[in-house]
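Each in structure tokens, the structures are laid out below.
What follows is a pair of complexes built around chain A, which joins chain B in one and chain C in the other.
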Partner chain A sequence: MSHSATQPPRRSKTYREGLTPWLFLAPGLLMFIIYVLLPIFQSIWISFHDWDGLGEKVWIGLGNYRELLDDDSFYVSLKNNVIWLLLYLLAIPAGLAVALFLNQTVTGIRLYKSLFFFPFVISQVVVGLIFTWFYAPDFGLFSKLFEWLTGQQLAVLADERYVTYGIIVAGLWPQTAYCMILYLTGLNNINPEQVEAARMDGAKRFKLLWYVVLPQLAPATFIAMVVTVIGSLRSFDLVSIMTAGGPYGSSQVLSYFMFEQALSEYGFRMGYGAAIAVVLFLIMMVFISLFIVRMLIQERNA
Partner chain B sequence: MFPSPIQNASPWMRTGYTILLPIALILWLLPLIGVAITSVRPAGDLAAGNYFGMPSGFAGVENYTAVFRDSPIGLYILNSFKVTIPTVIGAVGISCLTGFALAVYRFKGNLVLFFLFVAGNFIPFQILMVPVRDLTLKLGLYDTVTGLVLFHTAFQTGFCTLFMRNFIKGLPFALIESARVEGVSEWKIFRHIVLPLMRPAIAALSVLIFTFVWNDYFWATVLVQGQHAMPVTAGLYSLNGQWVAAWHLVSAGSIIAALPPVAMFFLMQRHFIAGLTLGATKG
Partner chain C sequence: MTVAKKRLLGLVLSTFLIAPSVFAGEITINSDHSDPVPKKAMGDLIAAFEKANPDIKVKWNNFDHEGYKAAIRNFLTADAPDVVAWYAGNRMEPFVKAGLFADVSDVWSANGYDQQLKAAVPSMTIDGKKWGMPYTYYQWGIYYRKDIFAEKGITPPKTWAELIAASAKLKAAGITPFTIGTKALWPTGGWFDYLDLRVNGYQFHMDLTAGKIPYTDPKVKAVFEKWAELVKPGYFIENHAAIDWQDAVPQLVQGKAAMYLMGNFAVATMKDGGLKEEQIGFLPFPEITPGLPRAEEAPTDTFHIPAKAKNKEDAKKFLAYVGSPQAQSTMNATLGQLPVNNQAEKPKDVFLEAGFTMLSDAQGLAQFYDRDANAEMAKAGMEGFQEFMVKPDKIDAILQRLDKVRTRVYK
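The block that comes next holds the complex of A and B.
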């Protein structure tokens, strides 16, 4: 950032290097290594074994991965993860739309902004319960509205065709709120002169938004992308609360599938679970690497 | 300003906006409003099929008392506090140190470490699940509040370090330089010069981590089994299984579980948003 130009002269720096930074880092790094870094490698190691979590680990090489390739549930989960990822991205334009709607200075607007942000603050467990109630077939608000509009009955969470979409909508609710707050902050900090200048030149709404405002919102969009992509692949709470992967495993996602296999009621399959976790981890690492590379470039330019 | 201020628009537009605003809000919060109303409905209403009409009476006191009396939700809430508060103190405290180290010193591996913390923050929990559960069992901390606190502290350190490091980078470096010239020790520079300036960052992180950890459900299910250590998220889920179709109780329980982070958000709104939108403005 700005002070990198005023870094200390080399002379004063050299004697301070050495142990000092490592002493400051020690407690955090130690915790992080024990609870985050090492477990990643341990999981990879465990994924090559057959293990019930108690007895001896039995080395089976790629056995778990081979089994995974023949497991229909794996493909259902994978497909659902893709649907989650794609539809979750809708939170970004939706959040932008809400932010544009609320970016005014009328009385009480602050309270409105806070209340729109509300869904993000509450636990996903509560969001899940709220939407389960919302979709409940006999009396749920959604079901009633749907029946009133179409004359048909629809039990969203019991219908294999719609269940995943139903859960995603529940997830989009807090996620849109999150993106909205990112964009509201971004809009607060755009350069008013550029916008005014473009207005003078006769740029109208959408052109103005597309060519002048959105480029200035790029940092907000980037963060919204990161949290939305990561959030979509991490989706566990809502699936667990609303359907437990059902009906008939049709709303499975990798994160829940892994949990269910590892701590299954029919005996723990830690090795198989770890293999699923590794696959999810690799998928997410693709995105994480992209994000990190971009952040690194920014850091270098700063 | 974009979009143009509504004050410059025609009177029609202005009136339209003022009317639209509350309608949009009600639609947006409809599921939540539904649950809030259900939580004060008398049980008889639900039995009689009165789900959306006016509640036949106000049973808020009964429902909420029933939840506390007939379920261990009080204990669950207490457990959540016991997990959340030490985690906030631990993770924020540790990351003041790591953030300082990564922001102030130039040493080999600085950026690598920084991005390791950042990346750690994005990984799926499932890749940690089996080994962390195993480690917690071996430490004899399975099914205890301490087990949860240790894991959460370690995991949240990633995000906290990212946050603190960027915050300290934004502070005027000349302050540290001049202290060094005076011969002040590095620890004293941290303790007496940098730490007092970090107050807003500490406040912002504290509310954020409070909310994240309070709302955690995955680790609460993986590392805890019994009621005595169960946080309210996992507790609510198990109660939901017991209260089949007793939606007035489920709703009241949900509202109770949601209240602490909501209160935190309203009390510390500015800090909360500052923390969450870190990096959303500069590129």
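The block that comes next holds the complex of A and C.
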């Protein structure tokens, strides 16, 4: 009898600590499994096949990867991805600079802030179009300016030497705004007493920024870093809108290369596209793991 | 039973009977006639067909042009309509090979279309069977500024030497001979096709685009040597890789360039830009290898019946109707293109008439590089053509790369 009397509370305890969290997690977890985890494994599975999306899948093992290593376009894309990754990071100091500049109380500062934030609000497609016109030979603002200054014409988007940089500049415009807003919120949370104290101790300008303000902005910097790195690896829309990978494939990045091989009008090589996706995934995984490890360490310390 | 009750019963019944909702006498058509003019032409065609066949109802799903290319792969395999719009030549080949299009040879033979649509027979036939119904095509050629030619005393060139001479004269006068916009790659295909058709002829070009001839063949290199005679002296506008084909038209309108190798659809854009009809001239691509039978570029648009169509009987009636002279006359009058049926009325437009005459005695019709060649090959090829037009000295590296793609694609 005593046996049955002790049972209900124990059951409710296991219920609370065992099943309940899972029940609450279930909807999200289900979505995550269906829309994120399963497709990852499916992609990896497809990358071992030769498949046009219609007929039978043919198992070719590592064939796609072997071909990838022998494909010039792959190296061009990889190189461009590295350039993107490095130069895109400029958005962080640029965003910080704009945020520091805007972090003051002047009449109409809200308007200025919104104007600076504007490029992030508009779609990447619109940004791409604006910059395409900006660079357009004959009538673009940039081309006109360049011609006036040097007497020569420069079609940025048609020149394999400059095209990637031209697109990155377009990408930096909204990304800077994004970093700016992250830093502006960070600056709001700065402890004024610490700044005051530092001032009294005679810290000025750069020293004040470097030793007092920046450490307090570390969380904002971390988030800005994460979104910028991942944003640079996903750079797809701008490339697609501004050049479609051209001229002759010289502004390709991995994400666009994958799309072109697997899904575009001239593609439908699902296996090859999946192999590119897997490579991109592995590269991203390096960064994502670094960030996650850092985050876990921080949480443990806190 | 009151009327309301009857209606209710009808409603209940219809919900229960929803499964066989595709009753005999209804066909579904999926197409990409999304631009205003094709949309009107297609709407009129369907209305006329329904009038001629009162027992058949047409349900038409109109897709966006770009989205359609991806969508067709899905609906052909999953939920096939009864009729789909697509393109002739190797563009339809993957669907035919995958068993997704139905053989419609009987529609051709029953209506005498083997004779009436003779021009399109080669591009509609795979393995000796016909897989669709062509309804329109249009010519390609060199559109030039008549007034500029007259002012500079240039007669429309008929041979390659004359074309080079005319180009040199224009260039000396400060006018770029050719305008082109290669950002979307395909305009380069027109140049390659015509040069290959004129240097090596129709059969060679078809074999090349079918992957039977290596790109490293000296005959292919000869094509690029001819092309280089225009590229190296700067006879094409600068920065063409940055602009689309429409953005190349203003050069012609402003008189900065004098010629444009394009499809007939460009005439409308030229007129919109402000050119008058008498300012625009049309000339067939000049002869290069003397005595070679003349073949032309004429991309053909088609209708097909998916293999999984539910109502093939009525779909065939629709295809038969689309092939008929009267349907093609009306439709192409709206489209501003050429009817494929040789019994159809001749077009009244001066450029179409020129095209009609040119195509009717051509030895063969090419479908355009990105429809004749396999899609992957086309992409790599046109990228190579674009690179060649910027850096003509890299030709050997480009051709080797193309052949690498060819050996992989056509294994």
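Just so it is clear, the second predicted complex is superposed on the first by the 283 of 302 C-alpha atoms of A that agree within 3 Å, B and C clash if a C-alpha of one lies under 4 Å from a C-alpha of the other, contacts with A are read in each partner's own complex, and residues count from 1 in each chain.
In the analysis below, a residue touches a chain if its C-beta (ideal position, glycine included) is under 8 Å from a C-beta of that chain, and two chains touch if they have at least 3 such contacts.
As the structure is a prediction and not an experimental result, all values here were calculated from the model.
In the superposition on chain A, contact is made by A:G53 with both chain B and chain C.
Once chain A of one complex is fitted onto chain A of the other, the partner contacts of A:N191 are absent, as it touches neither chain B nor chain C. Once the two complexes are laid over each other on the shared chain, residue contacts for A:N103 go to chain B alone; chain C is not touched.
Looking at the shared chain after the overlay, A:T243 reaches chain C, while chain B stays out of its contact range. Once the two complexes are overlaid on the shared chain, A:L157 sits against chain C while remaining clear of chain B.
Look at A:E265: by the touch rule set out above, it reaches chain C but stays clear of chain B. Taking chain A as the reference chain, the count of touched residues is higher for B when chain B and chain C are set side by side. Of the two partner chains, chain B is the only one that A:S43 touches; chain C does not reach it. Where the contact sets of chain A with chain B and with chain C meet, they give residues 53, 263. The part of chain A that touches chain C in the complex is made up of residues 52-55, 67, 72, 135-138, 153, 155-158, 243-244, 246-249, 260, 263-269. In the complex of the two chains, the chain B residues touching chain A come out as 1-7, 17-18, 21, 24-25, 28-32, 34-35, 38, 49, 51-52, 94-95, 97-98, 100-102, 104-107, 110-111, 113, 115-120, 122-135, 150-151, 153-155, 157-158, 161, 169-170, 172-174, 177, 180-181, 186, 190, 211, 214-215, 217-218, 221-222, 233-234, 236-237, 240, 247, 250-251, 254, 257-258, 261-262, 265-266, 269, 273, 276-277, 279-283.
Residues 66, 69-70, 73, 76-77, 94-95, 97-98, 100, 182-185, 238-243, 247, 370, 375-376, 378-379, 383-384, 386-387, 390, 401, 408 of chain C are the ones that touch chain A when the two sit in their complex.
Residue ranges on chain A touching chain B, taken from their complex, read 1-3, 6-8, 12-13, 16-17, 20-22, 24-25, 27-29, 31-32, 34-40, 42-43, 46, 53, 100-101, 103-106, 112, 114-119, 121-126, 129-131, 133-134, 139, 141, 144, 173, 178, 181-183, 185-190, 192, 195, 199, 205, 208-209, 212-213, 218-220, 222-223, 226, 230, 233-234, 236-237, 240-241, 254-255, 258-259, 262-263, 270, 273-274, 276-278, 280-281, 284-285, 287-288, 291-292, 295-296, 298-299.
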